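Listed next: structures, encoded as structure tokens.
Look at the two complexes coming up: chain A is in both, with chain B in one and chain C in the other.
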Partner chain A sequence: MTLLHPAAASAAAEDDAAIPLLSVDRLKAYYRLKLFGIDREVRAVDDVTFAIGRNEIYGLAGESSSGKSTLIKTIAGAIRPPLAVETGSVCFNFSDGTRDIYRLTPRELGEIRWKRLSYIMQGSMSVLNPVRRIRHSFTDFALPHVPEKGAAFAERIGRHLERLHLERSVLDAYPHELSGGMRQRVAIALATVCGPEFIIADEPTTALDVIVQKGVLAMLRGIQRELGSSVLFVTHDMAVHANLTDRLGIMYAGRLVEEGRTRDLFRQPLHPYTRHLISSLPQIGDDTPKKGLEGSPPNLAAPLSGCRFHPRCPLAIDICRREAPPMVAVAPGRRVACHVVTASPDAVAPAMEEVRP
Partner chain B sequence: MKPYLTYLSKRLLQFAVVVFVGINIAYVVTHSTPINPVEQTISAATAYGSTSPEAIEMMRRSLSELYGLEGSPWQQYLSFWQRVLVGDFGPSLSAFPTPVSELILRALPWTVGLLLVSTLLTWFLGNLLGGLAGYYRENRVLRAFGVVTAGLHPVPYYVVAFVMLLAFGYLWPILPISGGASMAADRTDVVGFALDVVIHSILPVLSLMAAGIGGWFMGMRSLVSNIVTEDYVTYAELAGVRRGKILRHYVMRNAIGPQVTGLALQLGAIFNGAIITEQVFGYPGIGSLLISAVHAGDYSLVLGITTISILGVSTMVLLIDLLYPLIDPRVEAA
Partner chain C sequence: MKPNLLDVDNVSKTFAGRGLFSRRMKRAVRNVSFSLDADRPEVFTIIGESGSGKSTLASMILNTARPTGGSIRFEGRDLAHIRSRRDRVAFMSRVQAIFQNPFDAFNPLKPVDRYLYTAAEVFSGCRTKEARETRVDDALHKVGLSLAEVSGRFPHEMSGGQLQRIAIARALVSSPSLIVADEPVSMIDASLRMTVINLFRMLRDDLGVSIIYITHDLATAYYISDRLIIMQTGEVVEAGDARQVLAAPRHPYSIRLREAVLSVDGAWRGTGLDAEAIQPSLR
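Moving on to the complex of A and B:
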């Protein structure tokens, strides 16, 4: 475990030449359902390519049913029928070697879990076994992955809990004896106690009120800096992304539509969908009425031809209905999948101003 | 600790009320039968020859005392409770003058031994296999077992019992078909006698297990298949916790609660005896005793057996309620 200075860390993140810690390459994951003898496939993740560097927090945003959760399930290697990976690869470049997660035996996968790849699950309120003391959960999850045993192991857990402002006495509690915020912090402690290189966080703060949420996010950020881990942070809450993530990917209907540094993305969103997401955020002093995006997300079981956003897009032109736009790098570290934007990036901003309320 | 003591005292009070009401109902029901045990005994004793009226009168008085039928109904009721508290239910009518308590004590070890072993074995095996079948859903052997159980489960117990009797008593006669032990068993040879008892119990135990295992198996399987979809199980799997550990501490541990309650009720019911089993296999237990008591109108024996089962069921339910916080920490002194 290397502890990087924050300044050095951000320098490393900006170094494009570094091999990314996670590379997802043309990943397609479909749900194959059989209803009344009719086969249906739901294309929840359709041709997604992206990479996450060391020591960065990568945010994944998108509305419900945009395929966020499916994408992280496939990245975590938690694939259970009816979900199946069609093509593509997920490669982790850990400090002790590169691993393609779909080429690992269950045993090898079990070895990297928690030690290198850890997971904070959606609905952290219910991830703790209700009939097991917190201490035993730590033993089950972490003991096989750390060198310490016995008293040294207990000491490691105790110190880690204190780092997250939890008292050591929570170890003797059952989950139902803790408050929601404490349970959330215990879940984060459980996921980070082995010092993993990569942490997947799936909406870990969605169920918490904003005050507790702020504390938990600050804690997550702190522990990430301390461990030098990378985090893939998934939530539909754009405000959380703005405050926490270094880079941001926007998903729409199973596809990545835009990606860039969070700062740039908020300052100058390119994809029409991203624009709508960001303009929907409330701002102090802004008293213009907020307008919802017309229409609804497409049915992923019967995907549209062309760009999946075109029925709701104010900029849609003929080619958008016919051809799916590829992800194109429009600037260093900035990619977008939109025919209109890549044809003439300058034309977009004024056109969007017109459709904005 | 204090809330637990409050809970304990409340629960003990509830226990006492249930037992009291139960025994009262049994008392009222048995005492409303038209049988007068005193007259029955006298007519049996005087059927073969004449007895002087004075002797009959003396007999009537001492019998009334024995059966607790002296004085007004209220006095009878009070003396009934005085005697129940020391475990005295009077003499049996059908086996006069043997006391009821002696008859019950003679039958109880047979029934408790038979039913305790079969109930515990059935519960353990059924839950173990059901838990495994719910967790390892792709396992062919467990699936096949599930199909067989689902087919056998609706078959009435007496059919199962008779089929086993035919199979192992006549078609392939390797096991004794009747009785708790051999008639000529030498009871001074402890090991030999124990072996003899075990051999005699194999058929009844097997038949009880065959009939009872399906319920536990299917119940546990469906409990487990619900629990494996819970977040904490998925999460433990994601964390690479060993499957055996997940099965024991995450899945089974959460599923076992309702099954333990079911077991407690069955264990309590042991004192009712297994009427059909004991009849079919000629087993000398409480069930047989109860049936013959009912046929003979022996109401003090019926009352004695009923009291024992009321106590048995209530005690088991009480015990399980007091032990439940150990199984599920969320259930506390509430």
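Moving on to the complex of A and C:
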């Protein structure tokens, strides 16, 4: 038995390689609420376009409530009212064919879940049923998707758990009997046991101490490299992004505002929000005062005209109040949505040179 | 002499094992002692392993769990003697909690603003609706939210970070002298994290509130803490001045902890996630 995907393993994947594994195109997803009889929509994902290649770890960071978890839910096809997709598409180019997530029947969606696409949710324990032993979670989610049955299935699960440094006996435990680190590894084991091509993880290590976190991340990366899968990883921990991800997207107020290779983005953040985010990081041994962003976070139920960052932006000019800046490529693999940055590519280009090794 | 704000005196907590998986007794907290001075408000930080007893210790300080050994005194009074409803309300208005996982801390069937109104009524004696609203709105503004955004919304309609900020606002509605914050910033973005951490500093410096800050984030711990303890399997393995301990840890576990911290600069030197080099704790 091999966990390697044919697509990742063979050269036959060559013509596939140009097509990203995930393409998100002009996606808008809103929560439609009725509050005291008044209709209201929360524009949690508002026109997001991006793509993730094979064998790539794509990180997503950004302000709290900027729409990261919503974006992830819409990509995973986990859309329940009041959340509704307004426009746009989410396409996966799996090794056995392309799938437009919003054209799938619930049954078809069920068939790709866990097998091709797995999702580790924020506040992740939700995937583990509190009143059932861990074993049952594996039989519920994984059994339908792997060829092995009976003892062979148990063997596959057991070996997979051991790879994550978990004893097989955790299968007999209830979720509350495990430590946070163990539960988190169980959640990762569940998400990876069927060898999915695409793994989505929403803050999967937030509750862990730094030693366990480092172990869990290393294991996640090890498994990702082995499977050749792609990962979409959300966390607020920027040091985790720096150490784990290949590329990074930054969200603010329902939009992607900047994207680039992780290293470039840290070395030379372009969007004013990204610049602020990176400069606010404290470090052991650094005694300079750090400040959070001034002003109120944007209200997604009543989005501002123009650039949504303008009331808090130190660089804002007139046009920022009127026109929303489009996401523009300013260098290979580098996109940013900011009038000021894109108006002076000269100022940007040399800076980018510096960054390239 | 004025009593200490808080005395944690040789405190232990043992859970009886249940189920097939854990038949043994679980000593979650073992002989922990420390005191907070009433005249010197401080940020007292607890870091340590996942499962090392930090949250258990927090719940004993909040008097929601009883120690099985030792005692805890708040302003000189043993928490075991706080029994009547009146005493409990008085205690809770002085000692507030911010919990680890905001998704668990809120009842999914209750709009989140109800918690804030209840706190305003019970703990700060706001009689009128207007007084309550002002109080609640004030507290929400301190964490970058407003009543308008929060009114009538249920926990599942909020993002993780929004919920955590509401939990912090709730703690600020009464005027506590001690806040026990169990991983209050792990779910919020780096910028807002600094807003909250600076808010803790303001509470300490301007309002004289002491804060017990439980965290995995050693960088913010370094930034804000006065003193710090490091816990492993229920025990304090190292204690002292926060900056000194973090700059030069002595206990082997503290050293491992310090070395496991991922940093942005470290990533470019390739010191990050070296899959082979990692032996995760098996607990």
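By our rule, the second predicted complex is superposed on the first by the 321 of 357 C-alpha atoms of A that agree within 3 Å, B and C clash if a C-alpha of one lies under 4 Å from a C-alpha of the other, contacts with A are read in each partner's own complex, and residues count from 1 in each chain.
Just so we're on the same page, contacts are C-beta pairs under 8 Å (C-beta built on N, C-alpha and C of every residue); 3 or more make two chains touch, one makes a residue touch a chain.
Since this is a predicted model, take the numbers as computed values, not measurements.
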Clash-or-fit label for the pair chain B, chain C on chain A: fit
First, second, both or neither for A:Q224, with chain B first and chain C second: neither
Touched partner set for A:N55, first chain B, second chain C, both or neither: neither
Partner chain(s) touched by A:Y174 [first = chain B, second = chain C, both, neither]: both
Touch count on chain A, higher of chain B and chain C: C
Chain B versus chain C as contact partner of A:N93, first or second or both or neither: neither
Which superposed partner A:L33 touches (first chain B, second chain C, both, neither): second
First, second, both or neither for A:E111, with chain B first and chain C second: first
Partner chain in contact with A:T274 - chain B first, chain C second, else both or neither: neither
Which of chain B and chain C A:A76 touches, first, second, both or neither: first
Angle, in degrees and to the nearest 10, that opens at chain A between the C-alpha centres of chain B and chain C: 60
Superposed arrangement (fit on chain A Cα atoms) - minimum chain B/chain C Cα distance in Å: 5
Touching both chain C and chain B, counted on chain A across the two superposed complexes: 123, 174
Chain A partner contacts - residues on chain C that touch it in the complex: 19-22, 47-52, 100-101, 103-104, 144-146, 149, 151-153, 157-162, 164-165, 183, 186-198, 216-220, 222-223, 246-247, 256-258, 260-264, 266-268, 272-275, 277-283
Chain B-touching residues of chain A, taken from the complex the two chains share: 76, 78, 109-111, 113-114, 118-119, 121, 123, 126-132, 136, 140-141, 144-145, 174, 176
Touching residues on chain B, where the partner in the complex is chain A: 230-232, 234-242, 245, 249-250, 253-254, 327-330
Complex contacts: residues of chain A adjacent to chain C: 31, 33, 35-36, 61-65, 69, 122-123, 165, 167, 169-170, 172-174, 177, 179-182, 185, 203, 206-219, 221-222, 225, 236-240, 242-244, 263, 266, 276-278, 280-285, 290-293, 296-297, 299, 301
